[in-house]
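Shared chain: chain A. Partners: chain B in the first complex, chain C in the second.
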Partner chain A sequence: MPEKPIQGEKRVFMTGNEVIAWAALAANADIMYGYPITPQNEIMHYWTRMIPKYNRKFLQTEDELSAGFTTVGGVLAGRRAFTATAGPGNTLMQEPMSMAEAMRLPVVVVVQQRGGPSTATVIYSQQEVTMTTLGGNGEGLRVVYSTATHQELYDYTIKAFNTAWKYRFPTFVLGDGYQAKMRESLTMYDPADRGIEMVATEPYVGKPGMPGVDRDPTHLRNTYNVEEELYEVLEQYLADYAKAAPEIAEYEAFDTDDAELVVISHGVVSRAGKAAVQELRQAGYKVGYFRPITLRPLPVDQLREVANKAKQFLVVESANGQLDRLVKEATFGCPVEMLPLFKPGVGITTEEVVARVKEIKG
Partner chain B sequence: MAKPVKIILAGEGGQGVQSVAEIIAEAANEEGREALYIPNFGVEQRGGVSVAYLQIGDEPIGAPKFQIGDIVVALSDRAVHRTKQYVGPETIFVYDTNIEGIEDDLPRNAKKVLGIPAIDVSKKELHPRVFNIIIMGAVIKATEVVAVEDAKQAIEKKLGYKFEKNPKLRDMNFRAIERGMELVASIL
Partner chain C sequence: MEAYVGEYASGKSEVAVNRAVDLAAAGREVTLVDLDIVEPCYTLRPIKRELQEQGITVLAWETGETVGLGETGNVLRAENRWALRRSGDIILDIGYGVEGAKTLNLLEGAGADPDLQVFAVINIARPMTGSVHDIVAYVRELGTVHGLINNSHLGDDTDVDIVQQGARIVDEAARQLNLPVVATTAVPEMAALIGPVDIAGHPVRKLVRYMPRTLW
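== the complex of A and B ==
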């Protein structure tokens, strides 16, 4: 048996892509399927460099459609399987992920957002929120974690496998080109040392025994003949999702109790949001900070609670209102005024958030 | 809350600004401090101005990029133009005196503008390949973000395999970092 990849707690300094490869190793992922696209390439580079020692596998496919479907296949065979992509690759990935939603398959996908639409830039954006949360021709039966730091990239990549296998919904780790390429410190650990037990995997096909005699038959369907048949299945899925949502939803917030204006942001932009709110508080502004960590499902109850207290939400994102749309839906009917700071495909600095709040507050 | 020191390094592809930023970041991390380094990695990598954003502090770093640097280093004429936007009244702006035709383009709103002859020194005294290490010495002296010994250790970590084969390279790199520090010390 190969030794554990991480022994004890280990402070390291590396790029986000390298962090994800280590986290997948530590989570006991069996196999990665992938097709290269910037800015996530180094995930597979590091993965393939490290895996011979730990007896894991990698398959490079001909495109992202295939990478997604082979990940689906790996999960059907009971493997803790994942893939990673970005931008136009994420677009192609939605077709196989829609199948994973139809069959309730616990695939894990890491997305490092780049500029869009189309090839656009290889650098950075938060423009893949709508597609990652709601992509595919269905209801968005999936989980999306939006990370902000390298520590979170590590923690949530491990967690994504467990959420996926526990609830049997496809699970995404939504990063971006900045997180992919920047270097900062984090602490790596073996999940077991922190009391994190990896949820056991099992094959969907090729189980022992006679179906219908020794065990229930396995139904794996993404096609239905009549409307009612599909409706019955989806009702159950939607009920499962609604039940799981409050358990899965996560957020981070501070200074919201007496805040007149709350800065809403996610992912790497929330680092600017956080620093700006701290700075503005010191300057006497009544501002708060709220950051959904899960973009799907959103922490709806907590968001509404804040939206019923604060006068204004300033939604800050490197997209033209993709988070904003989700937040508006979640807070429908709340009396809060929604204000934008949108910079599609461009990074947002602390200084810009501070300046925008001062402009609003006069 | 003490703010981190914010550093911009900009030059032509191949001048080694990304390596310098990475080594300083590694050195700061080894000292147990918080560091965040992010390169630009668009098509500039393949024939444009290469910019490195580096922040070092004692608390977790906020947004990876920023608008105004505490120290901004520009190593080519195009880099001077590109980095003027990062200069504010508290900024120390460092450029190489070998760059021609930029006298009128140097920022006027900086706290200090320091010209250092790093390109000349690397060519005449050392070797052009350690030009970026001279710059590293200059940055360390101007900001005091890491101790020179830790910077040397970080260089050793990154280039040690080359030094094994050719120990003279180690001496040259270490002399380069010290020369860089001297160049800044003489005009600060």
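== the complex of A and C ==
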């Protein structure tokens, strides 16, 4: 038995990509499949550098379609499997992730968003929100965690495996190029030491016993003969998802009770949102902060509660309204006015958020 | 002539930049060379002008000159290739860990220059160089190294404890590698608390943080 990668609590200073590799190790991930793309490359680099010591596996494929499908295969074989990608790679992975939705496979995908459309920049954006939450030719039966700090990258990468294997929906950790390359301190830990039990994995295929005699046959389908067959399956999936959604949904909020304007942001941009709201409060502005941590499913009830109290939502994102669209759908019918601060593919600072709020409030 | 190498995010650029600034402040002629050819967009580019205003000659790409930023690797600037032939003090900032250290071979005269000192920058908060054993293994992979620098820190969360713990571990690793510890580097607040020498008796160099401003 190789030793545990993390013994006790460990204060470390790392890049986000490295954090993810360590978190996957700590979560007892068995195998990573991947194809290189900036800015997620160091996840693969660190994973492959560390795994000989811990007896884990890696397979480099010929492209992201293949990386996605081999991750699907790893899960079918009962392995805690994951992959990581960005931008155009994420686009290609939507087809295998659709299959994972169709077969309810607990695939874990880390996305480090880069500029788009197409190859655009290798640097940063929040432009993969629509694709990561609702990509593929289906109904978005997936979970998406949007992280803001290195500590969260660690915590939510571990959690992603458990959410995936508990609910059997593909689960994404949505980071970005800034988080990937930025250096920050965090505490690493062995999940068991924090009372986090890793949800057991099991093979979907090759199970012992005679199908139909000793056990139910395994019937994995991503194709159906007639509409009614598909409809019946999807009804069940959608019901499962609706039931799981409130259990999965997470958010962070403060100062929303008496806020006239609430700054809505996610991921790394929420750091600017948070600092801006704190600064504006001190200056006497009635502002609040709301950040969905899960972008799919959204914390709909909590968002609606705030949207029924506040007069205005200022949605701040490094995309042209991808979070905004999700929030509008979730708060449909609420009397809140929606205001934008969109900078597609570009970072947003505290100062810019503060200036925008002051401009609105006069 | 000094080259700074080390684990990705060990702080080698910070140490190299500070060394160049200190030497320039002492009235010396200094050239700082950015040799991260893997991801030149993540290094000295954003602070190039600021350093030049302090009298340092900075050999690094300009945004408008670069091609294939980050993804396709990069070509060595012709000027950088001949950096060792310049007069004055030459400080080389060599990116990207063990693979990056090979970049040194691309410089004219690097193999034969008796004045070239290669220093490995170590941060024990980086798990790959977190223990004596790991540091020894890592430094052996780097090729020629003339000394170690303890740059142990936790970014904004740095305390005296991590710096001193680093001093002790790096000191022991250096003993096993039969190399000197050149210095412990720390931000001015920490350096003031530690005093002129660290717990292992090595000189403490003050480090002003320039790199947080270089992430684009």
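Basically, the second predicted complex is superposed on the first by the 362 of 362 C-alpha atoms of A that agree within 3 Å, B and C clash if a C-alpha of one lies under 4 Å from a C-alpha of the other, contacts with A are read in each partner's own complex, and residues count from 1 in each chain.
Please note the rule applied: contacts are C-beta pairs under 8 Å (C-beta built on N, C-alpha and C of every residue); 3 or more make two chains touch, one makes a residue touch a chain.
The model shown is predicted, which means the values in this text are computed figures rather than measured ones.
Once both complexes are superposed on chain A, the partners chain B and chain C clash. By the document's definition of touching, of the two partners only chain B reaches A:T149; chain C does not.
By the touch criterion defined above, A:I123 reaches both chain B and chain C. When the two structures are aligned on the shared chain, A:E337 is found in touch with neither chain B nor chain C.
Touch criterion not met for A:E247: it reaches neither chain B nor chain C. By the touch criterion stated above, A:K274 is placed in contact with chain B alone, chain C being left untouched.
In the superposition on chain A, A:I348 makes contact with chain B only, not with chain C.
In the superposition on chain A, A:K10 contacts chain C only, with no contact to chain B. Taken together, the two structures place residues 13, 38-39, 121-123, 178, 181-185, 347 of chain A in contact with chain B in one case and with chain C in the other. Here chain A touches chain C in the complex through residues 10-15, 18, 22, 38-39, 42, 49, 121-124, 178, 181-185, 188, 347, going by the rule given at the top. Residues 13, 38-39, 121-123, 149, 177-178, 181-185, 268-269, 271-272, 274-275, 278, 282, 347-352 of chain A touch chain B in their complex.
Contacts from chain B toward chain A in the complex involve residues 1, 22, 25-26, 29, 34-42, 60-68. Across the complex, chain A is touched by residues 8-9, 41-42, 69-71, 123, 125-128, 130, 153-157, 162, 215-216 of chain C.
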